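Next come two complexes, and both contain chain A; in the first it sits with chain B, in the second with chain C.
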Partner chain A sequence: MDEEPERTKRWEGGYERTWEVLKEDESGSLKATVEDILFKDKRKRVFENYGQVRLGMMRHLFVVIDTSRTMEDQDLKPNRLTSTLKLMEYFVDEYFDQNPISQIGIIITKNKRAEKLTDLAGNPQKHISALKKAVDTTCAGEPSLYNSLNLAMHTLKHMPGHTSREVLVIFSSLTTCDPSNIYDLIKTLKGLKIRVSVIGLSAEVRVCTILTRETGGTYHVILDETHFRELLTFHVKPPPASSSSECSLIRMGFPQHAIASVSDQDSKPSFSMSHLDNSSGPGLTLGGYYCPQCRAKYTELPVECKVCGLTLVSAPHLARSFHHLFPMDAFQEMPLEEFEGERFCEACQGELKDKSVFICSVCSSAFCVECDLFIHDTLHCCPSCIHSQSTS
Partner chain B sequence: MASEDEVSLLVVVVDVNPIWWGQQAQREPEFTLSKCLDSVMVMGNSHLVMNRTNKLAIIASHCQESHFLYPSKHWKAGDAAGDDAVSSSRDGKYEVLAVTNDQISEEVRNLMARTEVKGHQTDTLLAGSLAKALCSGQEMKSRILVIKAAEDCALQYMNFMNVIFAAQKNSIVIDACVLATDSGLLQQACDITGGLYLKIPQKSALAQYLLWVFLPDANQRSQLVLPPPVHVDYRAACFCHRNLIEIGYVCSVCLSIFCNFSPICTTCETAFKIPLPQMVKPKKKKLKPAT
Partner chain C sequence: MLVYFPYDYIYPEQYSYMQELKRTLDAKGHGVLEMPSGTGKTISLLSLIVAYQRAYPLEVTKLIYCSRTVPEIEKVVEELRKLMEFYAKETGETNKLLALALSSRKNLCVHPEVSSLRFGKEVDGKCHSLTASYIRAQRHSNPSQPICHFFEILHANIVVYSYHYLLDPKIADLVSKELAKKSVVVFDEAHNIDNVCIDSMSVNLTRRTLDRSQANVETLQNTIQRIKEIDAAKLKEEYRRLVEGLKEANVARETDIYLSNPVLPDEILQEAVPGSIRTAEHFVGFMKRLLEYLKSRLRVQHVVQESSPQFLKDIYEKVCIDRKPLRFCAERLRSLLRTLEITDIADFSPITLISHFATLVSTYSKGFTIIIEPFEDKTPTIANPVLHFSCMDPSIAIKPVFERFQSVIITSGTLSPLDIYPRILDFRPVTMSSFTMTLARTCLCPLIVGRGNDQVAISSKFETREDFAVIRNYGNLLLELSGIVPDGIVAFFTSYIYMENIVASWYEQGILENIQRNKLIFIETPDAAETSMALEKYQEACENGRGAILLSVARGKVSEGIDFVHHYGRAVIMFGVPYVYTQSRILKARLEYLRDQFQIRENDFLTFDAMRHAAQCVGRAIRGKTDYGLMIFADKRYARADKRGKLPRWIQEHISDGSLNLTIDETVQLSKHFLRQMAQPFRREDQLGLSLLTLDQLQSEETLQRIAQIAQQV
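For the complex of A and B:
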């Protein structure tokens, strides 16, 4: 397997003999290998620690979803479109969880045209309700890569220089119908510093390879639904910022939350600016967030004030992105037999039963497999290290 | 009402800062650490009795470590010997409760006896205890109750926020019962995770407040009239003066907040592009060719 020459693409290598992965032990049971595979699955996080690299924290991402005829294919259950939309809801949730001050817009393409499903916005609810409604769309015709990228580009080129401009294309068809030369568009995208990444659902397409290579994005083709989910999770993390992106001081407002109850004498009901788009009812509410510059009211943060243009956030939103700036190192794996010390996980106080324990390089405490996963995925700080009181 | 098989875990994090409790013993001798722990034990017993499948964990948050008072590792080994359990329920109490209370009192005695407070470490390690509480409540539905005595420690802000977001992501509710001074960090934690924050007016009535406000779990709270939510101050503090500001400038690279515009960010030392006012070029009028 190692000596074969010049294997540039994974599909050229063919399937390595997959039945050899499973090995039987002396009694003929597969239990040990199955446990091994499950254990490796738990640990499959690719720790792409970029090190001390500037990250693009404020992201403007457009997701282009291909809704052409090939999306009715049933290789993903129940069909590709439903599966993709469900994973997109998960992606939108995770994206706003990890990047609270960023924005997403959704574009769909079919019948050789492209249209915007939702505009660039920082509120996840709007996108999720649009995605839920989109399950009923008919998949017809061919997608148009040129038109969808053009549509995304028209909005992204007006975005300020310090934000990262990205497009993620979920491309299922093997063809694209473009009104003019796509290579010119690729040059324009490169000039505007827009990074395009593609997730292919069928097979590798050469124009996507060139597109992603030129603009600095990534191109992957999915194997199955789990792999699709993993690839989407990969795009949730902020990418390294390109060297030419500008850094600037952004003026932001931190509004106070006014909670008023009906019994409060001074509180008056007022209209909220965020309900201007909804036609469902008058939307009079008592409390809310008041913009410090123009006193317009909003019900949720983060939002860009429609009246004065000030970005309104709250301090926890910024704090949520801090763990990207101070990433945690991976723990060292050590087999259980070699580990001296009490056989208890420092975090959950459970007994250490798995075949390896994980040691923090700073404080040398041992953790079990589930706690290690929890610490690196969700908590982002070692429970024993934060007892040392020197970190801020 | 929760279904019969649902395991519900309550983790109580008790602040046992010896400096604060030592001063408290001199201020008000009728409310000491032992009285506080008695109230916690009453609350723990009540929780265990509410439902057969309820579980309890108690963590003591000290200046140097966070220690699990219950369930205790050392007692796990001794559980096999069932003789001790029979003798501990002298007053006819349900055995599980008697064993629990004994473990808690034994562990807290050991903890306070063996730890020595060194000069500069006077702040309670609350963020660390909360992190351990989160790790222990992963497989089941859980909630955390924090009983806070001493003041906030500003150094722990970032770790605290990480813990709060991890709790919110896993739908773990953090409630706070504050004995003395208001804590901004815990107010934010309760607001973000959807828990209850209460500053107790009279410390000697701790047991009453715990049973009234904090014993019912999340599904039952909608049917009770509980203390109203407090106003949480979410304004950010600027990095240069630590003032609370309403409008500020945020560095796009490191997200530090400043109250005034400055050409260089002090945290990450990036030079900023200063937006200059646009030069309006005078429009050149096209001269009509003379016909």
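For the complex of A and C:
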């Protein structure tokens, strides 16, 4: 983890009472317990997500970023806005890495208004450049939860039923300025099966609690920047698809990448369909992906063909989404005293020191907490299982 | 003993509370128990006492549960219903307990005609006309007339009603006098019980009251005249009864059927009503003279303060009214009203008030004082004479209750310091305990702010309260907090005047405008309708995510009866120490009395009173274990040991040395951190074993040891 260099200087940090962490009393009513709860929570996440549930592979997600006055607060360094945008870039990257055939859109809200920064699209580059540009926006006024949700809803409600419709709100302010009753909107959102999750940057706000509870989303409040990043990572994983969402077969095209070099006489430079609408992008290119149905050219995948509406993906994209369908079973937790065998983590080879170890149910090798999380979050397969497979 | 508890889990402190309660009942004594609000006092009380009743039906026959407001009574009834259902489920038998909740007729009356009336007094009057004793007598002969269930109190095993039914002599006489001796009386939310006692025994007379009594007397006279023409025998019958005296009442009291009424002292019962007021005309004449005298007393230019004997002497000299007839005044008037069959009692409340005053003033020579003020202190130019006949000794009103009933339990969330209650109420408890809240996470965060960012000490004490710097720092504190606390903030000031001053000053300094950028502001006023409107809008603003601040006053309506659950009160700020207005003559007299009679120093009592109100205000925010809230004491003086030590133990134990005398920015940092910690997901499983116990856990040795530490004997 690159946590160390991010640490702020002592004098920049908040008024901390570090001595209190050390104190422990019998009734267990201290900060240490809160951290304990958080740890359990971490594990819980692994458990919850790795049952045999159907996950939505195609997601449509709107991220609402609050850019109101409170975003200038400096409790995240250098300020909330910069920090959030930086983390959002990371989030967009991760999101497309994990959900290659999904789309994302960004909405910002300030001065009681909401506007789209980017439309729903599957191109990470576009979003990231928009986010980079947004760093200079001035934060002013109050956010409007109603307007931003309304805006997101108007786009999301046209999305097909087999995809997920989600909104993630990064909410810094403690208030919202709404033109009409937000509870009506929440009802509508619920009816449209739009799932709204909120990450609060300052404290628990009632209206968000209700909003997330009603629409089936999650509500978290950050503790610090690392926790913020963790919470965002949590939203990278697709949510379980509701059983009522329709199933349908989707036509997909797997275009071949035609490589052409300048030296090749036959090749002619041509426009990519995706860049037609914005003049700023690169114009003529040589090679690219050609839609198997209509031969339209695209430079990047995945994309929906502008001509014939076919979803174009590449095989590796599908493979990457594949693990969502067959998730790995959660490791079994066991107290360290009961564990017999060598006290080394199978993965990192470090000594097992925590009070519990985690056992793979297939090959029964032991792992430490950190490796357990790493295996489930990133690798999606047990290293020792694979090891034994290859030898046999 | 087997106690049925209608929930799956029990809090450790509830268990401990029940143990203490049982000890009290076993000893047949009185108890003072303090347990934080929101930890299920009510259900612990009910389930234990009901179980006790079942186990020892001869020891405890009846539970009398007194609460303060109608919503609280409703809550009790709700819990009771749950308990009864659970009993029915567990034991399989239909339960034999009859529970009864009483409130004013306005709230409870089921009579279709009567319940459509809107004002309390009208309802009372109408109801009386339907249920008065002579009409009920008719009903015995004619069963087709519907019976009002209000009169079934005698048969109930559990009675739930308001304090006044037991403490106020005027009502207690009607409702509670026939309750059995082997009852357990519970006073819930009893932190103000001394004031209730005092109020129930005090009388305030204004010129208006006198004028209206004058009219009453005239009506009486006319009615007597009329009755005399129609039915002279009736008046004669009454006369005969009065000669015989109130022997009946005396017999009843000696055979221990009735709760004694403090307005009706023992000596009266043994004597006949004196001749001078026996006939109706004479009595009316007597009342007239009394009224004239009182009127003349109200025509004063300066403040008069005197004791009851002085008053009696004066009245004897001026209008030749003796002490004895005065003492019979209340009884005589009641008898007259009964004889005349006047159904509309409500109209006669002024004259009844006067008669009570007459009886009280002639009965008690100690513990009362008479103060006549020609004008209010605030408006010295407008003549508004008031005669305060104020009780200074709360034990007078509550004495019969302690003497009569086997066990009296006084309980509340804020009773600290516990030892002062037995002293001012003059009784000897067998148990005095304070319980803490066991928590899986520290969900309350009391902070004492002593300085502004400019290091100027902040305090509401008299010398500095007008200080510009103090007011500005208070404003900054509220401003900063409004930016970091979500949803609702409740701020309490020490008085309406102080609040007005500060808010006006904030407005001039532009602080108010800045606060309004973060949250809406609502203000409590002395007007009840306005306040409830403000409260409603405040809650709406919290609900909608707009966020709001409610500026209110300690000792006001908001501080006493309204709960700010969850988002309705994420932070409570107490601006200053809510000392009572010390220049009031009534208070001065009372302090003097306390010092002379109970050896309680003035300062001790004032601090005690201020701190219990502060604790009350601040306690509004936490109403349960899943709730959380900031408690901010914005006054330097809270940091002192004598103030801090008087807070309830469940608040005190969370005040570490590090949270004393903070500056505003330190407070903000701590609050921010606290709010983030508390916003983390919190589930029931996290509480299990720590602050929620199952039956198995309860039986384990280790838990029992831990529970033993919860209760602190005083």
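We adopt the following convention: the second predicted complex is superposed on the first by the 282 of 392 C-alpha atoms of A that agree within 3 Å, B and C clash if a C-alpha of one lies under 4 Å from a C-alpha of the other, contacts with A are read in each partner's own complex, and residues count from 1 in each chain.
The rule is simple: a residue touches a chain if its C-beta (ideal position, glycine included) is under 8 Å from a C-beta of that chain, and two chains touch if they have at least 3 such contacts.
Given the structure is predicted, the values throughout are model-derived calculations rather than measurements.
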item	value
First (chain B), second (chain C), both or neither touched by A:Phe344	first
Of chain C and chain B, partner touching more chain A residues	B
Which superposed partner A:Leu310 touches (first chain B, second chain C, both, neither)	first
Touching partner for A:Lys268 - first (chain B), second (chain C), both, neither	neither
Touching partner for A:Cys371 - first (chain B), second (chain C), both, neither	first
First (chain B), second (chain C), both or neither touched by A:Pro255	first
Partner chain in contact with A:Ser202 - chain B first, chain C second, else both or neither	second
Touched partner set for A:His154, first chain B, second chain C, both or neither	neither
Which of chain B and chain C A:His380 touches, first, second, both or neither	first
Chain C contact footprint on chain A (complex, rising order)	14-17, 20, 26-31, 33-34, 37-38, 40-41, 70, 75, 145, 174-178, 181-183, 200, 202-209, 220-223
Residue ranges of chain B in contact with chain A within the complex	64-66, 68, 71, 73, 121, 123, 125, 127-128, 131-132, 134-136, 138, 153, 155-159, 161-166, 169-170, 188, 192, 228-229, 231-237, 245-255, 257-258, 261-262, 265, 270-273, 275
Chain A-facing residues of chain C, complex	438-442, 483-487, 518-519, 542-547, 566-567, 570, 656, 658, 665-666, 669-670, 672-673, 675-682, 686, 690, 706
Contact set on chain A toward chain B in their complex	54, 57-58, 97, 161-163, 241, 246-259, 261, 292-293, 310, 314-316, 318-323, 325-326, 342, 344-350, 370-371, 374-375, 378-381, 383-384, 386-387, 389, 391-392
